[in-house]
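What follows is a group of structures, each given as structure tokens.
In what comes next, chain A is part of two complexes: it sits with chain B in the first one and with chain C in the second one.
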Partner chain A sequence: MHYLLTIAMLVCVSPSLFAQDAAGIIKKVDDNMISETQIMVSEMVIHGKRNNRVVTSKGYSEGRFKSFTEYLAPDREKGIKMLKLENNLWIYSPSTDRTIQLSGHMLRQSVMGSDLSYEDMMEDRKLMDMYNAKVTGEEVIDSRKTWVLQLNAKVDDVAYDSRKIWVDQERYVPLKEELYAKSNRNRQWPCYGGSPLKEELYAKSGQLLKKTVMSDIKKIDGRWYPTTLNYKDMLKDGKGTDFIVKEIRFNEPIPEYIFSKASLKK
Partner chain B sequence: MKLAIHLAYKNLMGAGLRTWLNAGVLSFAFVFIIFYNGLIDGWNKQASIDSIHWEFGNGQLLHGAYDASNPFSIPDGHGILPKSAQANLTPILIRQATIYPQGRMMSVHLKGIDENQSVLKLPTHLLKKSTANIPVIMGTRMANTTNTRVGDEMLVRWRDNNGTYDATNVTVVGIFETNVPNVDVGQLWMSIDKLWEITNLGQHATMFIANEHYVHQNIPGWRFENQAYLLRELTEIINMKKTSGAILYILLLTLGLLAIFDTQVLSIFRRQKEIGTYIALGMTRWQVVRMFTAEGGMYSIFATILGALYGIPLLAYFSKTGIGFEITGDEFGIVMAERMYPVYGLRLIFGTLLLVVLSATIVSFLPARKISQMNPVEALKGKLQ
Partner chain C sequence: MIKFIFKAILRDKNRSLLPIIVISIGVFLTIALSGYIKGVFGDMIDQTARFNTGHVKIMSKAYAENKDQIPNDLALMDARELTTSLKTDFPTFTWVNRIRFGGLLDATDGNGGSKGQGPAAGMAIEIYSEPSQEVERLNIPNAIVTGAVPSKSGEALIGHEFANKLGVKVGDEITYMGTTMNGAMTFESLTISGTVRFGISAMDKGMIIIDIADVRKMLDMQDATGEILGYSKDELYFDEVARKVSNTFNAKYIDNTDEYAPIMLPLSAQNSMGSYLEMVDSFSSLFIIIFIVIMSIVLWNTGLIGGLRRYQEFGIRIALGEEKGHIYKTLIYEAIAIGTIGSVSGTILGVLLTLFMQKHGIDISGMMENATMMMPSVMKSKFTPELLYIGFIPGLFAMVIGNMLSGIGIYKRETATLFKELEI
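For the complex of A and B:
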């Protein structure tokens, strides 16, 4: 009898334990992925139907609201610069010597034919500020043990109503992420233990919109960071877009002039 | 004057082929002016009617923050109009969305409209009778671009009032054909109730379409644009087309008038003895000038008759069958039917007639003025003056 009671108590208590853990996990993920400042040289490999394009860029970012990117290669894109301040995005094109501001629907357009939208690039709030998390299971990805976390929006103004992330149990780095739309309320999720979770928990989970797979995790400046990311717009055909971090520096001071409109034409 | 006209007629008929060549050239200009303007008027009439029936109704009441020419204004350009002010108005809510036809990505406008409306020709009754989860209708251009047929499902992604992504399949329950690309290209039409539901924007509207009973009263935060204002761009295009067309027919008319002018100069030079005789017989110089002017002016009458002979059946034929153009107005976003039917109004016909007669008379008078300075004795002798 005592044995049965213990099992029953464990079954009741375990979800709250998972919930408590989940908050700690995403905090650690945020700590790993988000820094005060970031200077990064990266390559974006855009997989087309016939061939692939590689776009190299150097990006500077400070906090949530400031970022500046300059495209270095190929020649066609070289010199294009993007500046994000708060919710505004400006793009400078050297061929026309003009700066245009993107807003509204244009922000949802893809960046240089990739699976990333300008809006995706602008979205950099901390997960813990936007979502309530719950551990729903454990999986092994590329020999790494991961927690599967279900994230449901706790604020209204989020782009994706729910997310599912697979977090490396040792390094606290996401190895896979799925972003979902609101609708399709009949969907049920497989969960820890194999049985479906309660409908109300995932009532808002809907159409899978985007999927990101992170790999080549490296320890940089004392933190684990994925250096290869594959973004895939799940509604579109194709192999998605690879984002390869060639060089990254965290928490280095960035001169203020970088985040000014004047720097676009420099 | 009767004698002048009689003599002018005799002289012109006596000149034979030369007269008919002049009249022929002038008649071509005459017919062309009527045809070209008729074509433009026909386009104007058809485009105005189509725009009113498909897009403008009896005017539009727009949210103050919405600007039809600025897509950036769509996200915030909507609001709730008090129920008391909604009489004789049909609400339309516009939201931006993305569709994925055959795995491709396309930006579109989701337009929600009252499915019971009758102010626009959009077949919204199809939305009403459909049992699909989210039924939509689209124009043929949109259907061709997305390779869609009635009954097809299409994945749509949009954002709700908080900016959160949502996505689901919609079912195409109707494809309509219209000459108005503004209600077709890049648009999906659905029931406004459905759009309110999926975007959490209940009772919000971007604009209202007025019916013929609507009487506008000032409503803060909203602005009314009447038919004339909404049609202004079309009117500007039509006027621009008329001006550019005028260059061509002014050139043609000039050729015709130049031929008359030359003929008149030659006549006066060669018929000096005749002029002297008229004066010797008692006609005043100005009576002779009038006679020669009437002669020149009569070319325009002949041109009118000649033009009517071949122009009436030709123009009537085009008016009935229309003229097909390879290009459509889609790429320019202007309303233009595949076939245009010229419209020839009385004002156009009589205006052109008056223009041709007046201009022919003026160019005839200019060389004839020389007669008033002639010495009749020298003229009788046939001496060059």
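For the complex of A and C:
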């Protein structure tokens, strides 16, 4: 009898324990991935159908609302600068000496032909601020044990309605991520007697839009951070875009003028 | 005999007037409607050919598979060499390079900011960099509302409504932002040389036209092109010819597995135009069938009425010893004569209306303000030689069939009862 009661209690309590665990996991992921400020030199390897291109850039970001990127190479892109303030994005072109503000659906366009959109580049909020998380299982990726988390949006202004992430159980870094379009809803069908069925039936209207694979996890400034990311736009053919972190510094003070429109033309 | 029949037709107007009127109206309607349908559908096909498909179009196989996305990264390379060989191999066609592209147009406010912005559908054509008929083919001189055709590098034409939306006019500077063939970001400052209105809402509200040399530089497409379009030198589309040319060209690359190898498609194999062409033919055939069936029924009825009216005449002719077959034969001859008169007059009227409508048409621009379809704003008829017989033959047949059906009654007359019937 005691044995049965223990099982019953565990069954009742375990969902909340899982929920708490999931929240704890994504908090630790956020702690690793998000910082007050970030200065990064990166290479973007864009695998085209006919050739590959490498675009080098230096980016500065502060909190979730400010970021500035300057493209350093190749020559065609050298000197192009992007400034994000709140939800606005400005792009400066040295060849025309013009600053163009992008908004609306233009933000969903690809950045430099890569698999990343401007919206992807702008999205740097903490996961815990945007999603409710739930641990759905465990898997091993490249001999690393991971938790599989299902994240469903709790706010409206997110680019992806739901995500599925595989988090390294030891380092709290995502190793794989799948991003889904809106209306990927999990439905529970009531069964006779009032309690829900155990299995969930998925309404497959939410399409898998992007897939990211993180690798080369390194400890930088006391935090684990993936230094190679492969973004794959699932609506496009090809091998996706590799994003390689060449240099990264966390929580360094950044002069305020960097995040001004005047810095675009400097 | 023929002289006798014509005399009878002319003298006994009750015998011929109604059938002639009925046939004339039927033939007239068939020709006028067929000419109108051919004209309207033909204009839409012609417009699509001029702006989009060509009579034949060459793309890379990979580009053709995704052509709705305008994938310039999959464009044809070595375009100059390929175009030269096409000119040699298919001299009855004119070959032109075109690049379609998308992007963002931004109008400067003069202080480095924007006063207007909008997505643009771009078309690069041979304006001044290559000798071609592209400007005339797209009817640009007549479509220009303000300004002129670009005459030098850095100039562009944009849709008139687009210009209004951006708040720009001729001479103003705009910035194009887009993606090169290799996926790199590209910016180009352009001066508006003119604004155009094609009467196609989708184009007038978002089109930019630039010389292909400028676009090649802008999109890193040196010696590359998205599409090579072929037009028959008389600018008329004949599906069999286009298919033959396409098959000959494609046969050269049949064993080439390269996904960037060129492929030629005739107009009928693009944008569901094949079913469209079939639909045009089906409509014409449907009209003729409906016309023959209805006219036959009407003329059968007319013949029956005529037969009743001439009941006494036929009776007397049989009583006088005329063969029933001979009476039936003269009835058919009469039908041929009446059918010919009706068909000729109907054809003349139908052709005249078609020619009038070919010149003036029906202006539907008021209904097209928000349309996004590529279709002409003035619906015109088109005269084709087949209109000369498309109504004539059915008109004649309907009259003859109608009389053949009603004339069968002659054979049912019994000589023995004739005198009683004739009340002699």
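Simple rule for what comes next: the second predicted complex is superposed on the first by the 230 of 266 C-alpha atoms of A that agree within 3 Å, B and C clash if a C-alpha of one lies under 4 Å from a C-alpha of the other, contacts with A are read in each partner's own complex, and residues count from 1 in each chain.
Throughout what follows, a contact is a pair of C-beta atoms (placed from the backbone, for glycine too) under 8 Å apart; a residue touches a chain by one contact, two chains touch by 3 or more.
All of these numbers come straight from a predicted model, not from anything done at the bench.
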Clash-or-fit label for the pair chain B, chain C on chain A: clash
First, second, both or neither for A:206, with chain B first and chain C second: first
First, second, both or neither for A:235, with chain B first and chain C second: first
Contacts of A:225 with chain B and chain C, given as first, second, both or neither: neither
Partner chain(s) touched by A:76 [first = chain B, second = chain C, both, neither]: second
Which of chain B and chain C A:93 touches, first, second, both or neither: second
Touching partner for A:110 - first (chain B), second (chain C), both, neither: both
Which superposed partner A:158 touches (first chain B, second chain C, both, neither): first
First (chain B), second (chain C), both or neither touched by A:181: first
Segment of chain C that clashes with chain B, given the candidates 24-32, 78-86, 366-374 or 402-410: 366-374
Doubly contacted residues of chain A, that is, touched by chain B and again by chain C: 106, 110
Touching residues (chain side chain A, partner chain C) in the complex: 46, 48-51, 53, 74, 76-77, 80, 91, 93, 95-102, 106, 110-114, 265
Residue ranges of chain A in contact with chain B within the complex: 103-106, 108-110, 153, 156-161, 179, 181-184, 206-207, 209, 233, 235-238
For the chain C and chain A complex, residues of the former touching the latter: 62, 73-74, 104, 106, 108, 112-114, 117, 119, 175, 177, 179-180, 182-189, 220, 260
In the complex, chain B residues that touch chain A: 71-72, 74-75, 96, 98, 100, 102-105, 107, 155, 157, 159-160, 162-168, 198
